[in-house]
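Here come two complexes built around chain A, the first alongside chain B, the second alongside chain C.
Moving on, here comes the complex of A and B:
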């Protein structure tokens, strides 16, 4: 599958997900479909022809022509403040994709799946949670989601709904502030937290880690330290503006 | 004609003629890797070249440090759209390293500790265009940026500059490496935006 050129996209929905993040649903006529975990390039063009392009993970998967991004505002950013604060349903932009063929989940494998997200790193993992749920494979999937505080969790309601009672298993990690009545640990995800919530190395899971560089480096190192094979740990890091 | 995004452009960045199309400037040094960061001690590190005929040479860290070392000042461009201008490196030129073998090959598969691979044409490795670099901005290269040593091919997108490099396998015909099998271009020239399949 080749990527092809830029496709016009129309914003059909913009939903505030956290104080700094918005979920955008884009209608993309001719979208060829995408695997869970892939991303797109987004191009914005100003009235005078000035352009900027950034990459964003897709929270959606499958063949529908409506795709979903969740964008967290980067302080001093150029593109993310527009997408989080300014863009409205009806506005147009362009996308290119789907991109990336490695940090993806496709149905059919037998392996257990461990998903570990930090902050807005949840986006491609949300696509995987949706895909494994639809494929009836959720019982082999665990998600560990690290956020500063409850209000910083993108997709909180949908995750709570899709997980538990036969769905994927969800464990929250709060690094700064936990909800009232929380009895679990608060602070940076460490080896104890991984051992308690993640599939063990013996069960040979495939692990997907996504988040800011520092988070991913730390978690990936800890996984290897616990005995997970580096070849079975897939990472996606983001940084820059 | 691109569609116009209503109201976009208020926070625009300065452009710079050193920026290839579709790139933006960053002051950071973002990290992009497909897996955990391998930790390789200098004492365990080797760099080797195997030719299409099966001949092989290799260098230990100490042997490598005895080769002619060059200072490199260059801009770098990542396919994820960031570019970093005016970076400084130290390393050994691929001209020096490939001088050690007899070859008629036109392509190389670059191999890294951790299993990463990327394909690069010999014409992109020779002629003062590529190095095995072990210092960044005057400091030993951090593991997360590819230390102890990484390939540096700054005229191509940065995924070609393989981190944790351990050697080259020379080949007559081009073959796709890791990202080249996963949606990315065989060559990767940032000035003509050879990004994807």
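Moving on, here comes the complex of A and C:
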């Protein structure tokens, strides 16, 4: 049922992804499909009628009526603790979308693609990795994924699998704690890290950066400082410093 | 994606739903030209302060308010600020 753009959605699966994040699969009858990188607004209604709306990126793309969100808990949040801790398969909520026509990837372009995620900013980029893999375009794609520690990486296993031989190239950045045997740098992603792992400015990639506001600002500024055209750097920020 | 402060600072991507309610289409991929400083950027890139009742959309270059989207009961209202031009690239 669709009322004012809101569609009923039923939780069909809830999978713990990290100690603070869950992947939710929602069945949305009549879902028109979505491009990789788009998001939905999710609306919860309490018994007393109080409603809360939040935006969540989709980790899924395509025409299936089951869509996927990955939600990281915001301490003291109003919506995410419910979605991460409490919601169960069979529960109902509402979604509006697909939303967003800017931070999307569609097949057909020739440009190299650089994806840069901070924390749960991986979600729309996961949809893009899945889409480029299915489109046979993964060889032109690199992903740089910054996480505090290995256990904080949403989609770790799938990313390791999809970015194996012939797939997109994956570089991890650990900001606080690296896995045993890690020989790379640990700490905030900086210009050296971007230079080492990202497509160079002269190859004119399209770059997608998603993460907390501070992360995105820092990375976007560093990319422009390295010579990337601001017009080819697409950004999506969520709350936080 | 929106953090859960009373009013959180995100970007124009997160205002896509409210703007959809105004225009019946996605407008975040359009370019907004700021009448304050002349900056021309995708609306998705604008600074957005958003809560349950409003989204304040500001120029990322000069911070002037381009426009505000207000929820008004079941309706929604867009109040133009210094937004000067909208361009489909």
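Observations on the structure shown:
Keep in mind that, in the parts below, the second predicted complex is superposed on the first by the 235 of 241 C-alpha atoms of A that agree within 3 Å, B and C clash if a C-alpha of one lies under 4 Å from a C-alpha of the other, contacts with A are read in each partner's own complex, and residues count from 1 in each chain.
Definition applied: contacts are C-beta pairs under 8 Å (C-beta built on N, C-alpha and C of every residue); 3 or more make two chains touch, one makes a residue touch a chain.
Just so you know, these numbers come straight off a predicted model, no measurement behind them.
Three-chain overlay on chain A, with chain B and chain C in a clash. In the superposed model, A:57 lies in contact with chain C only, and not with chain B.
In the superposed model, A:102 lies in contact with both chain B and chain C. Using the contact criterion defined above for the overlaid structures, shared-chain residue A:94 touches chain B, although it does not reach chain C.
Once the two complexes are laid over each other on the shared chain, residue contacts for A:5 go to chain C alone; chain B is not touched. Among chain B and chain C, the chain that touches a larger number of residues in chain A is B.
When both complexes are overlaid on chain A, the residue A:237 reaches chain B and chain C alike. Of the two partner chains placed by superposition, chain B and chain C are both touched by A:41.
In the superposed pair of complexes, A:74 makes contact with chain C only, with no contact to chain B. Put simply, of the chain B stretches 7-15, 61-69, 79-87 or 97-105, the part that bumps into chain C is 79-87. Residues common to the contacts of chain A with chain B and with chain C across the two structures: 41, 51-55, 77-78, 96, 99-103, 213, 234-235, 237-240. Contact residues of chain A toward chain C in the complex are 4-5, 39, 41, 51-57, 74, 76-80, 96-97, 99-103, 120, 123, 213, 234-240. On chain A, the positions that touch chain B within their shared complex are 1-3, 6, 8, 41, 43-55, 77-78, 81-82, 86-88, 91-94, 96, 99-103, 213, 217, 220-221, 223-224, 230-231, 233-235, 237-241.
Against chain A, in their complex, chain C makes its touches with residues 1-5, 8-14, 16-17, 20-21, 26, 28-29, 42-45, 52, 74. For chain B in complex with chain A, the residues that touch the partner chain are 2-13, 22, 24, 26, 28, 30-38, 80-82, 114-115, 144, 178-179, 181-183, 196-197.
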